[in-house]
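Chain IDs A, B, C and D follow the sequence of writing; residue 1 opens each chain.
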Amino acid sequence: MKRVVFTFFGLMAVVSLFSQWTPEQTEWYSPVPQKVTPGSKPGAPPSDAIILFDGKNLDQWMSGKDEPAKWQVVNGEMRVVPGTGEIKTKAFFGDCQLHIEFKSPAPENYHGQNRGNSGIILQCTYEVQVLDADNNPTYVNGMVGSIYKQSAPLANAYTKNGEWQVYDIYWKAPVFGSKGLESPAMITVVLNGILVQNNFILKGNTPYIGLPEYRAHGRLPLMLQDHGTAVAFRNIWIRDL
Amino acid sequence: MKRVVFTFFGLMAVVSLFSQWTPEQTEWYSPVPQKVTPGSKPGAPPSDAIILFDGKNLDQWMSGKDEPAKWQVVNGEMRVVPGTGEIKTKAFFGDCQLHIEFKSPAPENYHGQNRGNSGIILQCTYEVQVLDADNNPTYVNGMVGSIYKQSAPLANAYTKNGEWQVYDIYWKAPVFGSKGLESPAMITVVLNGILVQNNFILKGNTPYIGLPEYRAHGRLPLMLQDHGTAVAFRNIWIRDL
Amino acid sequence: MKRVVFTFFGLMAVVSLFSQWTPEQTEWYSPVPQKVTPGSKPGAPPSDAIILFDGKNLDQWMSGKDEPAKWQVVNGEMRVVPGTGEIKTKAFFGDCQLHIEFKSPAPENYHGQNRGNSGIILQCTYEVQVLDADNNPTYVNGMVGSIYKQSAPLANAYTKNGEWQVYDIYWKAPVFGSKGLESPAMITVVLNGILVQNNFILKGNTPYIGLPEYRAHGRLPLMLQDHGTAVAFRNIWIRDL
Amino acid sequence: MKRVVFTFFGLMAVVSLFSQWTPEQTEWYSPVPQKVTPGSKPGAPPSDAIILFDGKNLDQWMSGKDEPAKWQVVNGEMRVVPGTGEIKTKAFFGDCQLHIEFKSPAPENYHGQNRGNSGIILQCTYEVQVLDADNNPTYVNGMVGSIYKQSAPLANAYTKNGEWQVYDIYWKAPVFGSKGLESPAMITVVLNGILVQNNFILKGNTPYIGLPEYRAHGRLPLMLQDHGTAVAFRNIWIRDL
């Protein structure tokens, strides 16, 4: 009997606590977010950004095989040298904000996936597609703005071949524990100021063949794909969150 | 018997086909995303944006009580007139991309939540905080860039009192069914080009007192809060997704 | 204190708003469905249809072994050449609307499954039966209009041997994720204007022996079966949804 | 010990049964689907159809208040007489195939939901929208071809104001048991030969305000809505499945 009473009053206590909420109970004072100064103009790196490419050299990059990066730096751009393979950052990243601009080479006679194809591969695993979309039909979950083979873009925000395209990518890395996936990767992608992926929850990695799946990993480099076309990149910076 | 064998081998053929994924199986061709043209410069509305305020009038707005909006339009800005109450769009929105710029009034002797306080209330329910953060300490889940009382910003991206602050908000509306919440609201918020909310899954609405919870609703107006200070807004546009 | 009261009443306003559904909350404006123009007469392809056979050639088809299709085109019909094996479309499909007409060859002395047998195999996996049903008893889940060995037709809508039979098939492809089936295949089948499969949820694939089961796959070709009889087809078109 | 052995052999029995499947085990012979003769031309009623309107009278209909139907029969059409209220069939239906043609009145100065609005309300509960879609923007889940406020059409298949529009509707009624919903309603809708709802699983009924929900019911009449505009109908037939 005593125990029942105890439980009964315990319950009452909880109930009365609920009815006694004050505003202060839901106000938190730490940690205090760090002051970050915006870039000098739209697209310029904020004060805490890591500059991955500012037009001068590939010092932040190496090849996918851990050798020196073999892409070309010309006129302040870095360009894929087809056949030299992908490049990746020396640094590793998890959650991040990435700014990157790209320009497709002249289309010549290439079409679909063969025209201006490259990729921004977050954590060496999850690909945001880079492709020319100027009168270049292809499968919609493989066009520019897609999470490759997972999610078509909400809009075709590409402008014209030969013009710089601006990607702003907001990446929430997946979290793995000893029992597997604890929270999935999430991404928001803005292309030329237009939302193309809206808080999208990824289904897994980016296979060319078959279905995406998650395999546990931690922080990993950012990778840029060599898909056989001389795509150019510039103004690449990242905020490590 | 012959027929059975024939069919049996036919069956075998189908089975082996299953174990052979090909790239084409994960390539989708419809629906084709619509072409949207970027704004003429960063922050300018893309071709499909709905202009909510371009400096001229409050035609897209009304008061929270469905009366004419009583805020002031001066010098191409719209300003809270303290005491006239919140305003909301005449149109209703669900998923959206929102661009909005604000400027805090002179601080005078106000501090904390009393200085430059307003709010961007998505679907009349979920508040992204507007507050002066120029030497103005307050609880971190109530500072500018926060999802009010739910999530502190990743950074303090505010510049200076008197300067225009630029919000880009990417909103995935919650989905409700007859049995309650089917998928939660998600938000990514960028302030002055700096990520402050990274694919954040909301816990519910925005109570001042107590814990957030979800209550079913559909599309609802965008609301701007009157919290007693003459915050100014400009260049407000939204894309209805 | 004043501020608390102010906020408190603001909160109250929001709460009452929740309990007030308005019609606009459940009205969506995007994406806008594309305009599609109906065919010139019943059975003719709508404006966005892919013509799979218009009486002229087998350009849209190949053999099940990825070789040229060996069926015959005669008098604007395409006919199974028994022993040459099934044919499949070069294109891959998921959700689709399929129109296809067929004609059984003269019955001669064949009966049951040996008379006019062919099949429309969606995604190379799920068979809608083709069979002569003019005085030709067989197991009902193997007659014309059946999902072979899964679901007998609601009616025998076949007319006469030697007459063209018209199938309209509405197909919702199964969806697979890394953990297996996420949503099953669904089909609605109309034969000669008569509903024979009513929003049927498939149990899996189409084995000749044993029970149907699902095995993960993506988009796959449409296949037509060679079951040893010279069934004719015409006017085949599909809408890729 | 004995029991373990027993279970073990029981398991073996099941296993061996699986490996002994023969084709005949999955071939069913009853019930034999009834022979139904197709209509004389596309759109004409099959032999077992119940003619709900053939241009002559409203004998199959009554008002929503169980009084005589007050709509007009003119030139072989039946027309909504605005203000007289909805009409419903005297007969009750569950699963069915419905053919119905409608024509919007001249648009005059009406727009959106006020132009050519009516509705086909299956089982007096689930509405397939009727609306003019000839240059008549409205919310997409309220346009012609929608399951009203639940599912936008896959395409805009409407032709022109003043032309007859042809609906073919395939309806799987919801099933309710003592514990509530056992299987949901499903629908496939074809407008002018174009698929607009693809094996769609309904979320519930059709409220104008708020979210759909299921409430148990059995067979019920087919209802046509009076929404204040003189929409015309013709060639209405139904197959009771």
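Structural remarks
FYI, a residue touches a chain if its C-beta (ideal position, glycine included) is under 8 Å from a C-beta of that chain, and two chains touch if they have at least 3 such contacts.
What you are looking at is a predicted structure, and each value in this text was computed from that prediction instead of being measured.
Residues touching across the subunit B and subunit D pair largely diverge in numbering: under half of the numbers involved belong to both copies.
Subunit C and subunit D, compared by their mean Cα positions, are separated by 20 Å. Per-chain CA centroids place subunit A at a distance of 38 Å from subunit C. Counting partner chains per residue, subunit D shows two or more touched chains at residues 23, 211. Contacts between chains form some other arrangement here, matching none of path, ring, star or all-to-all. Pairs of chains in mutual contact: A-B, A-C, B-C, B-D, C-D. Those residues of subunit D lying in contact with subunit C across their complex are 18, 21-23, 26-39, 41-44, 46, 48, 95, 97, 137, 139-143, 145, 149, 152-157, 159, 168, 170-172, 186-188, 190, 192-195, 198-199, 207-211, 239, 241.
Per the touch definition, subunit A reaches subunit C in the complex via residues 23, 203-204, 211-214.
Taken together, the subunit B residues at the contact with subunit D in this complex read 4, 7, 176-178, 216, 218. In the complex of the two chains, the subunit C residues touching subunit B come out as 3, 6-8, 10-11, 13-14, 17-18, 21, 24-31, 34, 64, 86, 92, 94, 113-114, 124-125, 205-209, 215, 217-220, 225, 227-228, 240-241.
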